[in-house]
Structures are given as structure tokens and as C-alpha cells.
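Structure, as C-alpha cells:
All chains are identified by letter, namely A, B, C and D, in their written order; residue positions are counted from 1 within each chain.
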Amino acid sequence: MATILPLDEAVRRLVHDGDTVALEGFTHLIPMAAGHELIRQRLRGLTLVRMTPDLVYDQMIGAGLADRLVFSWGGNPGVGSLHRFRDAVQNGWPGPLAIEEHSHAGMANRYVAGASGVPFAVLRGYRGTDLVGQTATIKPITCPFTGEELTAVPALNPDVAIVHAQRADRAGNVQLWGILGVQKEAVLAARRSLATVEEIVDELAPVPGAVLLPARVVTAVAEVPGGASPSYAQGYYDRDNDAYQAWDAIGRDRAAFTDWLRREVHGRAGVSGGAA
Amino acid sequence: MATILPLDEAVRRLVHDGDTVALEGFTHLIPMAAGHELIRQRLRGLTLVRMTPDLVYDQMIGAGLADRLVFSWGGNPGVGSLHRFRDAVQNGWPGPLAIEEHSHAGMANRYVAGASGVPFAVLRGYRGTDLVGQTATIKPITCPFTGEELTAVPALNPDVAIVHAQRADRAGNVQLWGILGVQKEAVLAARRSLATVEEIVDELAPVPGAVLLPARVVTAVAEVPGGASPSYAQGYYDRDNDAYQAWDAIGRDRAAFTDWLRREVHGRAGVSGGAA
Amino acid sequence: MNAPAGADWTADEMMTVAAARALRPGAACFVGIGLPSTAANLARRTHAPDLWLIYESGALGAKPDRLPLSIGDGILADTADTVVSVPEIFNYWLQPGRIDVGFLGAAQIDRYANINTTVIGPYGEPEVRLPGAGGAPEIAASCREVIVIVRQNRRTFTESVDFVTSVGFGRGPGDRERLGLRGGGPVRVITDLGVLEPDPDTRELTLTSVHPGVDPEQARERTGWELKLAPDLARTQAPTPAELAALRALLQTQR
Amino acid sequence: MNAPAGADWTADEMMTVAAARALRPGAACFVGIGLPSTAANLARRTHAPDLWLIYESGALGAKPDRLPLSIGDGILADTADTVVSVPEIFNYWLQPGRIDVGFLGAAQIDRYANINTTVIGPYGEPEVRLPGAGGAPEIAASCREVIVIVRQNRRTFTESVDFVTSVGFGRGPGDRERLGLRGGGPVRVITDLGVLEPDPDTRELTLTSVHPGVDPEQARERTGWELKLAPDLARTQAPTPAELAALRALLQTQR
């Protein structure tokens, strides 16, 4: 059963140095505020997992939380590169960042296997690409019926999954809709999970296309209005495209980034919404 | 793009002697009327696939359509046995019926593999059971990462999948809700598909929990009000439990069954709704 | 028929009440139709209103206010926290071990609680062809614990089952581990005569409780192997008036 | 910059129009953000209003009335026939070969249309770390056909790519079949100079059309291998006034 907690308390209870942590949300419902709380709590040695590391991972990587990144596409969607991610991979700043690189299809299937309690997933993927030679978690597998060779990837079972959603009820059932991404699978695959939500309500009215995460697979819920900003929450607020554009200049420069971190993250303890 | 056709014409175009045919619907939305049309068209040599062969398969087996049955649970839910199925397996009446027997988890994963375009699925299942020795389509598989032994089952890709749903629009997009079963996967796994629907409407209003089968994966749609009776269609009509009870006596006796078939199926050409 | 003279309840009622009592409040319970569904819904109406019912049709957290008539009854979708597809219920919920209790029935059960629901006689030449596996093999493999409800007689409680549809303890200690079955296996077989539990060392089903009015010898007579009795054999508490009233009211809803 | 003197359109507009024209009415088209999304939505506003747009975020049949700003823009969910999860879009839609056309960009592309979007320089010591694979490897593997849109220059059109992120034709004929890639592979590379197509026999990318005002020698100069010209080298039809008006109106919606 999910416990309803303030964000800082939830992060303190669920996330520890050295954990494997997945923040998911595919363009939509990115748990930005939770990422900032991880930065504020100065967590260290994390393995960060995410299909599309974007601003929030650029920020966490730049802040030195991560030893390792497991991902399939790292960019600022519609804008360009992630400069903190590049600086870490190319120059080891602020520390070396090991990477484990997959395709979207592979990452999605790794979460599915993790959610399903099996140690691996099978897909048509990767064959002929140079990812096979660089990523140890891509292996061939032969169909026992047809003899055909396919690809296996291991299950992802993060210590903690963090997602943002529109609503939860007081029991901790979490409801999200719009672009669904891989959040359900990430939560089901994780040992512990935190959902930040726009609001906690008495009753979750059914919404077409909504996914419900039953309270018993959610460890903690924190009410964080605006917690996905500058990404968006369908039905609540739009994407702040200017913030994505503005991030390019901030992220490009170590000093500008460090200043931003001090001002907009560490300087905002207790401010609930996301900021960028 | 789906073509909208009368039921008899749709069956004539999509289903041929010797085909592998899956009628799905898990207690809810069972395509009974379509099954009766298959009987009326005196199809022969079918491989019938279905997780839960119940009344409609008892009827099709008794009518001699099937050479082979692929299934995981064959009974009259809440009532008892399927006597036509038993008579075929135990006594070869009206002809021998080969069986390929799985568990629900295995069948569901076989459809998922079929829908996903991979030749097999992996699950934790079957180990230690006598199904392993009887069913050739159950094989061990070793995880290439952990060395753990799991079970593989081959994809199901029926020639035709037949489902019943609440609604379709005039383009052939099909909408169903309530208990969802494995219909989406069955349609996506099949080479051709037929959806019978309660009604064809101008616009599919979104419904919480509804699944949409896009027109481009549906070959034909037939409007058949009552087409799931005596099972039910959420939002349209309830399950006719008396009919399930009454089936026990009819199915138990070859003569009673043959008489029922003549009267209620062959005698009802052109009657759109299901009957039992 | 095994209720003591003068009792105002039947052996089937005793069996259902005993099964309901075995369900802990808040547990996630994978429910089949028939006795398991009746027992689970009785528990919801008595000591465990927050029991979380999962039906293999995909209803998660169903709260039916009447007895559902099939595992896909519309009342389940209407009252569930959410409805998922059949692949999801097996892959995302049952297989990873999220379910606390699975309920199974049996056409045959042996001393190691292996269950047959497939066939009586040889598989290729069946005497009686039964419905088959359904969800049972993976329920037996993956739930944290399994409860079996079945009426006790020598046809059902056999020295060996004709077909292992669902694995209990295989051929004894260590077999579940060897097979990689991650759930704990059967913890209790509840019959119309009493309760059998696996011996902690040998895993052999042992009579641990008899229902009021039942002589332990009756249970031994109706068992196809040399049934052992627990040294501290208990007497099941008779159904309370509240339990009986709740059960009968529940069964009324089925009409 | 490559538009002919006096033309009222730019080379990028020509490229986008050429890409839009390549989309057949009714096709299912897997769309990435940027030029592919612009081209696909232009096609919807011109000759192919029934183009079926699929975004990797899970929107099936999206009908945005403005240019979406990301592959997960809310307008996609709002206007889609249905929204599915990311695992479903890859497993149930892309992998089984249901998609007619996939659009890809490239940081590097070689003569066999193998694409790099991962890294410039050695993988372990990158000169420029790029975003990586995303959906591209499986789009390249599984779509019935692939269209690449990329500006043409020697940095991008290289003798060999530093990293094969997405397979075109591998090292030549037979490689896709050997690798079990079931889609047909790249059919067209559309640039700001012209159109390259794989030679039917050798699979080598060959210049088959040049845009108005472009000298074929320009294309050869901006290609890092000895670019072959098709014997029947065509001249791309300039954008029509209707195409240009539709494209500019579409781009206006992005503000």
C-alpha cells in the first residue's frame, strides 16, 4: 500500500546512494521535480536508467549523482544535444560516466521483462549494428522451434522507479493518461516506486485511455503540482518549449550550469513544483 | 482497411476449409453468432484455437468442423463439462479430434508472440507438470544472462481471428471495453480478422478502459446485434446464465445436440443474433 | 452430510467458512469461480473487507456486491480498481509473484498436493476428459501460497494422480526449488472433513484439523493413501452465527 | 542555398517537399520529430490526407492540426485513433512489419545507407557524443521501406560510418537477408541537393534525381565516396505554389 509523503521525505526513504534509479516519462509527465529533489539530497553513485535521458538527466549527471547511465536516446528533444551528458561522456566532468547503451525497443522490452518477473526478453533488434559489440547486455538467442536467431536483453529491475502522474487517490492508486510511455512497466519492474502527482483526490473518476497503477505496486505518492514542468501534464499544463530552448545555453557551459544548479535547485528546497 | 460486410459474406471471404481459426473472448464478448455461421457454412478440417473453448467450440466440434483443437481450458463455465468436446476426445465423435494443450499463461503468451512478430515467447510455466511430456509446443529455454531455465512456447499466428466487440465506426475501427481478454493480441497475431459488433456508429465516443483495434488490422466488420449471446456484451446485454445451464442437457446427448443444430443453427440462416 | 447431528450448518458451509478464514486481511487473492470465489467474497463480508480480489479475466481489485457467475462476469469489470488484458494478468501480476494467495480446486490430489484437472485415465485414451489446466499450473507455481478446496473422498485423494496439471511439492522436499517454482506452494487443503497441511519436513499432506462432528478415522477412510494425523490435531471452530448469516446472504445474491 | 537563382523557395523547402511526395496515400508512416514530421504532415495537407501517422511515443493515427514540437506532444494523444504504451508501439506495431514507411535522419551515412547517430570518433573516446539509437535500429530493420532525410555534405556522406547505429544494406546485397531484417531497407535518401536511391543490383546509393538548380557535380563533391549517377538521372520537379503555400502555413503553426 502506498504511503502519502512530502517529496523530500519520500526521496529520503526510497532512494539511497548507489541505487539503480529509473525516472520514466516519455516526453510527457517527466518527473522533473523529483529529479531536482535527488540533486538537493546530494545522492551519489547512482546508476541512472531511462529510455530518453533529457533535461532532468542532464541536470542530475551534471550535478554528479551518477556513475553509470543506462539509456537509448540522450538528447534535448527538438533542440539538440545534452551538453552535460556530452561533457561527462567526452571529458569525464564532473566525474566519469559509464554508459550502457540500447535501442528504444530493447529498453522497452527490458522493462517488460522486469515487470513480468522473467530474466530476459526476446526481440528482433540490434542485428548488424555496432551496439552488439559495445553493450554486453545484448546477446543472440535461438528460437527452440524455428532455429531462427533473435536477440535477448536482460530484464531491468531498478531499485527505485520514479514517475509523475496526473492524480492519485488517498489510498495511493495512481492514474495517468495521454502519452503513456513505459511508466507502468517501470513501476512494476522496480523494487520500490515513487509517484509524484499533480493532485491527490478523493475519488479517481475514470478517464478514457487512463492507466491505473494499483496502490499495492506504488511505495510512495507525493503531491507535487507542476512536478513535470517544463515537460507537460495532459489536462493540467502545456510543455514549456522556451525552457527547453533556454536549457541549451545553460547546459552548454559548466559555470552557467553550476550557477543554475545553485540558484534553481539547491536554492529552492521546499518549493514543490519543477523548475528549469 | 476493414470492409463492412454481412456476416455470411464475411465468413465466406475470410474462412476456408483447413484454416487455423481463433475465436476469442474471455467469458465476455464471445463471438457466438460467428461460430454458428461457420457451422452453417459447413467448413471442414479446421484447427480451432481458443484459450477457453466453451459453448461455441462445443457446438463447432460437435458439428464436425474441427480436426484439431489448441486450447487451455475446455469447460462450460460455472456449469461443468463440455460434452461434445468430451465425446470427440474420448470417443472420436463425430470424428477424431487431435488436441494441443497448454495453460492459460502459455496460450496468452503465444498470442503475444504472434502479435509481436517473434517466433516464440518465454515464461515461467509448465515446469514439473505432465503437459511438458504431452505437448510438443512446450520447450525449455535457458536465459543467456543468468543461466536460469525457463519455458518457451511458439507464437500463435492463426489464419483468421474472430472477435465480437461493442462497436465499430464506418471506417472499421473497432472498440471494445469491459473484460478485455486476449482479443487485441489474437487480432494482431492473425493473418486475417473478422470483428462482429453490436452496432456500427458514425463516431466512436471514447470510453474509459476501451481498447481500439485500428481499422488497418481488421479485415472485415459485420454488424451482428446480440452476436455474443448467450455470453454478454458490457453495456448492451447480460449473460444468459440459463442458456449455459440448458446447454448441459443438450450437449450431453448426441441426438439432442443434432436436433438443436438443425433447429437453432441451420434453421436460422440470416438470423443475425446468436442463439443457444 | 458430515455436519454433526443437530448442527444448523452443512459440511459444505463449514468448508467454505474454513476457507474464508484462511484469507488474511489485505491479501491479494487470485480467485477462481465456484467455492474459491464464494470463500473470498465471504471473507470480504466478514473479517477481511479489504481483501484484494484478482480474477484471471483481468479484473484487479474487484468488489462485487453479489457472487459473480463466471470469472468474466460484468460485475467484476464494473467494480474493479482496473481491468487489464489476460496477458497482463498472467505476465505482470501472477508470474512476478505479486499474488499472496491462489485458490485451486482438484479432480485428483496426491499426498504431495500435486493436482490433476486434466484427465482421468491415460492421456491418450481418457476415461474422463476434464477441462484442463486453465490458469492453475502458474497459480500453483507463482502465488506466495496456495489453498486447495476440495471435497474429500478416495476418488479424489489418490495415492498418485493420473496427470500432474499443477505442481504441489512434486515428489517431496526440494522439488519446488529444483523446478524453479518461486511461490511457496500449497499451505492448506480444506475439505468437507477437515484441514490438511504439508508436514514441514516431509511436505506430505497431514490432517491438522477436523471439522466438528468428524471422526479423524473418517478422513483416513476417505483418503487414498495412509493419511497421517498431526500430533496436535485440532478441532475446527464451528461456523459462527455471523459467518453463517453472511454466507447465506451471499449465496442469496446468486439468484 | 542550393535553390536556383530567382527561385522563390529554399533548398530545405525542396527537400521537405520531395520527402512529402514520397509518401503514398494511406500509408502507415513512423514519424520522428523534425524534418520527417514536417514532411509527413505536409503530405497530409497535400496529396495524402489519409496518411496514418505513428509516433514512437505511442500515438497511432495522429492527426495534428499543427506541427507537434516533440514526439510526445499532447496534440498527438488528443488527435490519435488510439494511444498505446511504448512497449506496444515497438512490439505490436513496428516489429511485426505493420509500418509501411519509416523516416530516419543521420549524422553519418555510407554508400550502403548504413546510418550513424551514436558517436563521431571511437566509441570509447568520442570526439562528439551524439544522442544514440532511439527507435532507429528497429525502424531501419522492420519498416517495409525506409526514407532518409539529411543534408548532403562530406562530413555526413562518408566512405564509412564511425558506428553502425542502423543498418541500411550492411556491406551489400544479401546482408539484410543474412541478418534476418525483414523490412525492405532504405528506398530513398532525400537531401537538399537531390535524391539518392540504392542501385537494384549493388545496393549502392546512386544519385537518381537532382533538385532544380543543382549540378550533379555538386552532389559528387559533397559526397565522401565516388558517387555514381543514374544513367537516367532526373530533375526533381520544383515545389508547386500549392506545396509551398501548404508547407509555409504548416511551419507557421509551430509558433
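One rule holds for everything that comes next: a residue touches a chain if its C-beta (ideal position, glycine included) is under 8 Å from a C-beta of that chain, and two chains touch if they have at least 3 such contacts.
As the structure is a prediction and not an experimental result, all values here were calculated from the model.
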- Query: Which chains contact both chain B and chain D?
  - Reply: A
- Message: Please report the minimal path length, in steps, between chain A and chain B on the chain touch graph.
- Response: 1
- Task: Identify the chain pair with more contacting C-beta pairs: B-C or A-C.
- Result: B-C
- Task: Could you grab the centroid distance between chain A and chain D? Build each centroid from C-alpha atoms only and quote it in angstrom.
- Result: 28
- Query: Where the CA atoms of chain C average out and where those of chain D average out, how many Å apart are those spots?
  - Reply: 58
- Item | Centre-of-Cα separation between chain C and chain A, whole angstrom | 41
- Query: On chain B, where are the residues touching two or more other chains?
  - Reply: 116-118, 123-124, 148, 150, 209, 211
- Would you give the residues of chain C that are in contact with at least 2 other chains, written as numbers and ranges? 82, 91, 95, 142, 182
- Note on the structure: Chains touch one another in the pairs A-B, A-C, A-D, B-C, B-D
- Message: Which stretch or stretches of chain A touch chain C in the complex?
- Response: 1, 115-118, 173, 188, 211-212, 214, 216-217
- Residue positions on chain C within touch of chain A in the complex are 26, 28, 52, 60-61, 81-82, 91-92, 95-98, 142, 182
- Item | chain A residues within the chain D interface of the complex | 26-28, 51-52, 71-75, 77-78, 81-82, 85-86, 89-90, 101-105, 108-109, 111-112, 123-131, 134, 148-150, 178-182, 184-185, 209, 211, 232, 234, 238-239, 241
- Spell out the residues on chain A that touch chain B in their complex, using ranges where they run on. 116-124, 137, 139-141, 143-146, 148, 150, 152, 154, 206-210
- Note on the structure: Given the complex, residues on chain C that touch chain B span 33-34, 56-59, 69-74, 76-77, 82-87, 90-91, 94-95, 118, 123, 126-138, 141-142, 163-167, 170, 175-176, 179-182
